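You will see subunit A twice below: alongside subunit B first, and alongside subunit C after that.
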Partner chain A sequence: MESLLSGQLLFAALVLGGLYALIALGLNLVYGTMRLLNIAHGDLLMIGGYGAFWCFTLTGMSPLLGLPVIAAITAGLGIALYYLLFRGQLSSGKPIPQIEANSLLLFFGVSVVTQNVIALAFSATPRAYRYLDDVYHFGQVAMTGNRIAALAIALTCLVAIILVLNRTMFGMSIKALIQNRDAARIVGINVERVQLTSIALGFGVAGIAGGLVSMAEQISPFMGFPFTIASFVVIIMGGLGNVFGGIIAGFLLAFIEIYAVALTSANMRSILLYGIFVAVLILRPQGLLGKARQS
Partner chain B sequence: MTIPFISTNSSLPAVSATVIGAVLIVGLGVTMGSYWTVVALNLFMWIALTQSWSLFSGMTGYISLGHVVAYGIGAYLVAVTFKMIPLWLSIPLGGLAAGLFALIVAIPVLRVRGPYFVILTFGLAELVKYILLYTETTFGKSSRLLFGAPKTEVLLYWVAALAVIATLITYFVGRSRFGKGLAAVREDETAAETIGVPVTRLKVLAFAASAVIPGMIGGLMAMRSTYFDVLQVFNPTISFSIVTMAIIGGAGDARGPILGALFMLGLAELLWSTAPQLYFILLGLFLIGFVLFAPNGLIGLIKRRKQPKGSVS
Partner chain C sequence: MTPSLLVTDLTACYGEVQVLKGVSLTARSQGVTAVIGSNGAGKSTLMRRLAGLLPPTGGQITFEGQDISTLASHDLVARGVVLVPEGRLIFSDMTVFENLTIGAVNPRARADRDNTLETVFDFFPRLKERRSQLGGTLSGGEQQMLALGRGLMANPKLLLLDEPTLGLAPGIAKQIFQIIPGLVKLGLSVILAEQDVHKTLAIADYVYVLENGTIGAEGLSADLQNDQRIKDAYLGA
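The block that comes next holds the complex of A and B.
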């Protein structure tokens, strides 16, 4: 019981929570502004992970310095997909449920293609590299450098994005689009530009998260799926399209996961994750924190 | 206005074509040797699964991404009771168990709509998978060996029969009053309910019915490999393949899943053994292409070509 109160679990939960919050934020931006359900979101982390891996092993450069390039790559992918697949869907005037259902199928196709292109290019074998893995001690708590860095960068990104959303005109136009699409258009917001920025931002942040994950964990072409699921759990708990709810829910899920696994066994992790997922969807599809929203 | 329950006269050609086609493929598969027997078996398996999926998801528009759960439950029941209960009993029981499971979860699950429903079905299938995996490892049974299973030919007869039954069910339901009710749910559920269509009852019935044949198929396919593994029979790829085939073939028409299964199996035959990754890449691209440019699938393309230009469908 004493181990539950130790700082070790708290630190693990904070690191995981920071990552979940960051990953879910990207998913939320894309859903909130365009109603696209990106089930390829975890695959963006995978791409980010490979980016960091190659950056480190080929150039010897710190993967942290490679993060902007990685973010640019995944953001570029988002922009390409927007023009290739989704722009036509969004302007077709189809009802929203149909856009949502189609986006799910389209992103599923994207996911399958991405995973297998990476597997074809770099083989399906898991890879890992060692970076910043020296252990630091703070009192009783042992932390590796890469996890401290992951937490710090995740928090920095979160704070930066929140500031942009709240303090800048452009950030507020993103929020306006999330709140009400038609009204946003009427008050003169350039919907097209906001959508493009949101998908670039959402995808870019996912790439950064993937780079952070790869510093501490193995990467493989099929690593993305659990992250996709976790981020869906988070954004549904926080209320679909509710950016701040999603951040809180990200930390909440991480704390539940870390502490429940510590209390039971590692085998329970998946049952727990999917159990929460199913329970939230059945009992409160509008999320724990969100209000029922009108679509 | 009365809608005839089933118009039997006009359906005779379709029924006989289905049966004759299936008998021909079975005969061809068996005479051409063991490799083609397996190809025929896979073809009928996918047809049966996709037709069953189409019975619920194609007709109601509630896209299920968790259809593998029925397959897995059937496989699990047959594997656990192997050598304890004869197969002619355990396989229908597997179908029944899958149907019962669907019936039990139907009420809470079917209240959830749209994209929530899609990801919920997926999550539910994964939850069942991990619970069974946990149970199996706790009892030290992470995989079960199944020796003395029936020959592939025998399995082929069963699976082909189920594929024919599934096709005919989709065909007849599509033409029945029940099917019209399901189509009404797809078009506008609230409006359907308002004019007195018993939407909940129809949805629950179709949801449970669409799980029975996949349960039996799961049980039969568990006999195909000599060992049983939870992760294998609950593999989400099975659900995804079903949806992909239904989209490529075209849902809502009994011919769609057959075309989809033929298409996917043809692609798999060409690439699976030589370039499995390329196979998945092409499958993903085809899925994207069909969603964007031919949302009614191959069957929609064929129907469009048959129609004279300028006519309104």
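The block that comes next holds the complex of A and C.
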């Protein structure tokens, strides 16, 4: 019981929450603006992880300095997929349920291809590197440098994106498109440009999150799927397309996960994650934090 | 009178269904051009097509002498062709102020945003009182004012008003009709699609009657008011 009240779990939950919030934010932007269900979202993390790994092992450069390049790579992938696969779908005037279903299948294909290309290129063996793993003590709480850095960068990205969404005309255009596509076109928002930026931003942020994860955990070509599931749990809990709800839900899921695992065992982690997913879908499919947008 | 918008033989489809079957009309510059017709005649389709919300299938639209037939909606707004849609379509999870701000998203309107906001608040003092309230919490009439205000924020030259009084209490509908001539005085051209033929004829300069996707009749308001066929069909003599 005493360990539950210690700062150690609190710190772990904050780090995981920051990552979940960041990952889910990217998924939410892509779903909210275009109704694309990106089942390959976790694989972007994996790509980001490999990017950071190679950046560090080949050049000896800090993976933190490599993050902008990693973000550019995953964002570029998003832009390429937008033009190759989704632009036609979105401008075809197909009904939304059909676009959602098609995007799920297309992204499933993207996911399988990505995982296998990475496995072919770098083998399926898990990899890891040591960076900023010195332990710092704050009172009773021990923190590694890389986790502190991950939390700090995740929070910085979250705050920056929230500021853009709330304070700039472009951010308001994103929110407007999420809320009501027809109305967004009517007021004169360049929908195409907002969509392209949203997918680049969502994918880029996922790449950054992957780089952060790789500093503290092993990477492998198949590491992405649990993150995909976690981010879907988060955006459903927060209300699909509800960007701020998703951020709160990211921290909420991390707290549930960390404390429940502490009460039981690490083996329960997957069961817990999928269990929450199913429970939320059954009990409150509209999200814990209210509706996201008008129909 | 010089034309603001010139529409020639315009068609429009929803999926496989052809709704507009060759509509030609001229919108007067700094005047109110009305399109009347019963439910399902194609008024909203016409307005949505003019605003660039439906894919072009045929016909030509000329605005201020330039062909705009195939422009996307945001390009049309940037040129000054702005729709205030049927059903209002305001952003219900944004405040009144945010709704108005996003109305000025096009580059031409952005520079003059603060001045336009004052004008909109002069027209609709109620919006000023409710500026921090969420759009979805407004009454129907206030939402219509917000939709109109948002349209004005885009700094339009031609305003497309689609059934602006649909579902509103008579008192508020009257208020909306009173505002339209004021917009023309500001220098705007207006195309008004309406079912309320009495009130429309009272403020419009020229009227087109849309029937099954084609123009069935047209004329100056004053002439149509005395037209026996119009009286029988729409005025319930």
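Here, the second predicted complex is superposed on the first by the 291 of 295 C-alpha atoms of A that agree within 3 Å, B and C clash if a C-alpha of one lies under 4 Å from a C-alpha of the other, contacts with A are read in each partner's own complex, and residues count from 1 in each chain.
Just so we're on the same page, a residue touches a chain if its C-beta (ideal position, glycine included) is under 8 Å from a C-beta of that chain, and two chains touch if they have at least 3 such contacts.
Keep in mind it's a predicted model, so treat the numbers as computed, not measured.
Once both complexes are superposed on subunit A, the partners subunit B and subunit C fit side by side without clashing.
Number of subunit A residues touched is higher for B, counting subunit B against subunit C. Within the superposed three-chain model, A:G93 lies in touch with subunit C and out of touch with subunit B [touch as defined at top]. When the two structures are aligned on the shared chain, A:A260 is found in touch with neither subunit B nor subunit C. Centres of mass aside, this uses C-alpha centres: at subunit A, the angle toward subunit B and subunit C in the superposed model is 90 degrees, to the nearest 10. Of the two partner chains, subunit C is the only one touched by A:A176; subunit B is not. Contacts of A:R185 after superposition on the shared chain: subunit C is touched, whereas subunit B is not.
In the superposed model, A:V141 makes contact with neither subunit B nor subunit C.
Of the two partner chains, neither subunit B nor subunit C is touched by A:A72.
Least inter-chain distance for subunit B and subunit C in the combined superposition, rounded to the nearest angstrom, is 13, based on C-alpha atoms. Comparing the two complexes, no residue of subunit A contacts subunit B in one case and subunit C in the other. Of all the residues in subunit C, the ones that touch subunit A in their complex are 51-53, 55, 72-74, 76-78, 82-83, 85, 89-94, 98, 101-103, 105-106, 110, 136, 150, 154.
Taken together, the subunit B residues at the contact with subunit A in this complex read 63, 108-109, 111-116, 118-120, 123-124, 126-127, 130-131, 134, 137, 240, 243, 247, 277-278, 280-281, 283-285, 287-288, 291-292, 295. On the subunit A side of its complex with subunit C, the touching residues are 93, 169, 172-173, 175-176, 179-180, 182-183, 185-192, 293-294.
Here subunit A touches subunit B in the complex through residues 37, 39, 85, 88-89, 97, 100-102, 104-106, 108-113, 115-117, 119-120, 229, 232, 236, 267-268, 270-271, 274-275, 277-278, 281-282, 285, going by the rule given at the top.
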